[in-house]
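I'd like to ask some things about the structure below.
Per-chain residue numbering starts at 1, and chain names A, B, C and D are given in the order in which the chains are listed.
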C-alpha cells in the first residue's frame, strides 16, 4: 500500500443562495486547485447549504494554513458559520478510547488500526476496569485504569479528562464505556466524543437495551453511532445498522449478534468523523 | 403450478417438560401421519413450549375435524393452552382489507393475490375514502366506502364491523388504514387484525412516523407488521424491516422509500399468519 | 402533493482536469442559475470526470433549449463526450413495458404509476402472452399482444419495434420479458432498454437462474437491473439487491422471495434512469 | 457469564418416511431425555430427512459414549447414512487457523475467542508469512511460520499437515490463507476445512475477486464461507453476505468494505460448524 497522496479537506456550511459553488470552485480554480472529491447538500427545511471539497495538496501553491487564511475571505463572503474547516490529511489523527469490560469494540478498533485500515494514532485507552489492559498493551498502546467508585464519579471523570486532554485528540471514542459523561465534558468535547449505543435509537434509550428489545419482541436489533451530547443517547446520529433476530434468540443471543453491528457501525462512524465527512446540523448530521 | 397437496397444520403451546415431542409424534406415527414440516421452540423465560407440525392430509385416516377430535386428548395430556389449533390447507383463507387513501399496500396485496402468490380470497375492501374503489373493483373485489366523520367514528366503526364480520375472515388487514380501532374491535378481532405501522417500532409510535424519523435524523427507516391490540402500536410484532436513508432524503423521500418495506413486511406477515406460522406468546410472537 | 418545481438537469462527462467545476458553476452563476443538486465523480482508472447538476428552471433566463444551446460551448471547452444532456423535468417521461406471463413487476410498476410515485406515462404494454392484458387495461393503458412463434421471432420483434418506436420512449422496460432482444434492437435502444434479471449478476446468467441458485446451494438470491446490450445479461448494471434464503427454501420459494427484490430493484433502477441519474461509462454506471 | 449447561447434540440424515420423529423422540423420552432444541428438514428433491436434536446431558442416564452406543440401533433402524453423530458440548472444540498476510479475519477471530464469544481453543496459527506472528503470540497462541516457496509448495503443505494433524482439530480455518489446498488435504480434512472467499460465490471464483467485481461494475460485494473441496471455491456453502458499494468505490474501497463481511461471515460459519449446526448434503448444506 503506497501512502495516499496528501489532500486538503474543506468543510463548510452557509445560507443557501445562487453562486456558492461557483464562488468556491472559482477560488480553487484560480489557484490551480485540483478537486478530487466534491459533495454538496442543501437542507430545504432550514435553507442551509453544506459542502465538502477535497483538493490535492500538491496542486495548490500554499500549505493548509495558507489555504485556511485565503479561504477565510470566501467563508466570510458566503456568511459561513464558524464551524468551517480546512484540514490536512498529512496531519496524523489522534484518538483516545474509553472502555469498560466489554472488549469487542476495542478488539475491533485495534485490529483495524494494526492492519492499517483505520488511519489514526490511538494515543491511549482508558478503562474503568482493567480487563482490557493486556490486549491494549500488546498493541503497544498505553492503558490507564481509572476506577469509577459509585460514590465519586466526579473525581474519576476529572482524571479521565486530564488523560484525554493531554493528547488533544480528534476523537474521544466511547467504545461501550457504559458511564454517562457529565454535561461539562459533553460540552468540552462536543463534536469529538463519539459513542456507540447498542440499540436502534431512539428505541431503547439508556440501560440494557437488548433486554428492552427482547421484552418488546422486536425482529431486528440495532446499533447507533452518535455524537455525545448532554441529552442521554439523543445526540446527532452518524450511522446506524440492524441485524435480524427471531423468537429463538435469547437476550444473550441478541447481545452476541448485536456486537457485530456495534463494531462495524462504530468503526464506520469513526472513520467518517476522522475523514471530516460528518457535518453536524442541529441535531442531525450530513455525512458526505 | 399444480395445486399444493393438502395438509393439516397443528399449532400448539404447553408447559415444557420431557416427552412432548415423543407424545405428539408418537400420536401422529400411530395413525400413519407423514410429517412434512416440524418446528419447535421453548421459551426459557416462561418455560413454555411451542410447536407447529405439518402433516400430509392423505397420510391420515381422518379429516381435519377427526384429527382435531383425536388430538384433543394429546392436548389435554400436555396441558396445552386453549389456543391450540388444527387447520386444513384445503380450506380457503378469507381476508378483509381496510384502507384509507394511500394505495401502495393495497396495490401490492392485490397484485400478489392476482398472480397466485398469496393464497387468500379477499372478500372485501373497505375504505374511509373512495380513492381505491376503482382498482379494487378492477380485481373483481367488492369495495365498500365507509366515511369516518370526525364527530361520529363509533357509527362508522359499527358499519365496518358488520361488513367485516359477515365474512368471518381469517385476517382483517389494516393496509395503512390510519384510523385507530376501538378497544372492543381489538378484542373481538384479537389475533386476526394485522396492521402495518410505518416505523421500526417501538420508535415513532403514533402519527407521522416519517416526520418524527426525519426530525431525529435516523439513518434507517422501518416498517412493523403487528397484531392490533388496544395499546396503540404496541401489539405483538410479526415482522419488521428497515431501509437506509441519508441526509439527502426529505420526509417525502423517506415516505417513498419506506413504502417498499411497508409493502413487503405486511405481505410477509400476512402470509405467515395465513399459514398458521405465527403463535402469540404474551406480547411476543413465535414465527415458525 | 404539490407539483415539484420545474428543473433542468445537466449530465456530463469529460476528461478530468483542474477547473471543471469552476467552469460549469461559473457559467450557471453568471446566468443566475440556482443549483439545487450537484454531484461529481472522477474515475481514477480512466481519468474521466462526471457530473450531474440540477438547476431551478425559474432561476435561468432561458428554457431548456436555450440552456442546451449555451451549454454547448462549455461542453466543447471541456471536451465533453457526445452523451452530455440537458433535460427538463417539465417534459413528461414516456415508457413502454414489455412483458411475458409473470406479472409481479408489471403489477408493481402500474401500482407505482397509479399512486403517483413513479412519474412516467406508460404509453403501452406489449406482451408475448395475453395474461396481463386485463390488469393493463384496468389502468387505462393500451395492451398489445405480439405472439412469439418459435420459428419466427424476427417478425415478432419487428412488430414490437414498431409498437415501441412510435412512442419514442425514454425507457423500454423489460419487466421479466423472457425473450432475448436481437442485436440491432439492443443497439437502437442502447441506454434506454432496461432489464431486470432474476439473479445477482454475474452469477447465474441466462435461463432459470433460481434453479441454478438452488443447485449451487447459495444462501442469498439476487436481482439485477441493467441496461440491455447485445451480450446476454452483461450490460452496465444500474442496481442490484439480494434476499436471504436457506436450506428450507425450494426453487419455488426462491422464486417467490426473489420477486420482492426484482420488483424493487427494477422500480429503483427505472426511477434513477428517468431522473437522468445514471451515466454509462464503458460497461459500468455512475449513479448520482 | 455462567457456564452453559452440558448438552448432547445428535445430528442425523436418513431417507424420509413416516415415523422418524416418533422413533427418535420416543427413544429419547424412554430414557428421560429433555430436548432443548430440535430442528428438522426434508429435502423434497432427494427425499432425504435431516435432524439436529439437542438434549440436556443431565437428563439422560448415560454419557455421550453411552448415548452413541444406544443411538446406533435407532440409526440402523432408520437407515441413517454414516455421518450421524452424537457430540458433547462438554468436550472443548479445537481449531487451527491458517493465514497469510491479511490479518482482518485473524484479528476478528482472536478477539471473539478472547472475549469468550467463540467457544473454541485455537491450538495454533500457521502462516506462510510472519506478519501475524506477534498478534497471535500476544493472545498466548503458538504461531508457526511455514514459507511457501514458489517451486516447492508440496513440502510446505506436508509441514502444514503435520502441524495441523497433531491437534486433530474440529476445524481447520482458512482465514484468507490464499494458498490452494492440494486435493489430498481437501479429502483428509473434508467437512472440517472452512474457507472464507471474498466474493459472493459463484461469482468471481479464484484470484482477485474484488478486482473482478470492480471491472464488472457490481453494486454489492460479497463474502462466502464454505467447506473446502478439491474444486476451487466450489464446496458446500455455509453462509454468505453482501455489502453495498457504488461507483465511487475503488478496488481498495471494495476490499475495505468487503473485509467487514468476510470477518462476520467466517465467524458465523465457524460458530455454526463448531455447534454441529451444519449438515452437508451433496454440494449443499442444511444449517440448523
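Worth a mention:
The criterion applied here is as follows: a residue touches a chain if its C-beta (ideal position, glycine included) is under 8 Å from a C-beta of that chain, and two chains touch if they have at least 3 such contacts.
Just so it is clear, the model here is predicted, and its values are computed rather than measured.
With chains reduced to the mean position of their C-alpha atoms, the one farthest from chain C is D.
Look at the contact of chain B with chain D and you find the same residues on each copy: over half of the numbers used there are shared.
Superposing chain A on chain C by their CA atoms means rotating through 180 degrees, a value rounded to the nearest 5. Chain centres here are Cα averages; for chain B and chain D they lie 37 Å apart.
Averaging Cα coordinates per chain places chain C and chain D 41 Å apart. Within chain D, contacts with two or more other chains are made by no residue at all. Chain D makes touch with chain B in their complex at residues 18-19, 21-23, 25-26, 28-30, 32-40, 42, 59.
On chain B, the positions that touch chain A within their shared complex are 41, 43-44, 200-204, 216-220, 222, 236-242, 246-248, 250, 281, 283-287.
On chain B, the positions that touch chain C within their shared complex are 102-104, 107-108, 110-112, 114-115, 117, 135, 138-139, 256, 259-260, 264, 267.
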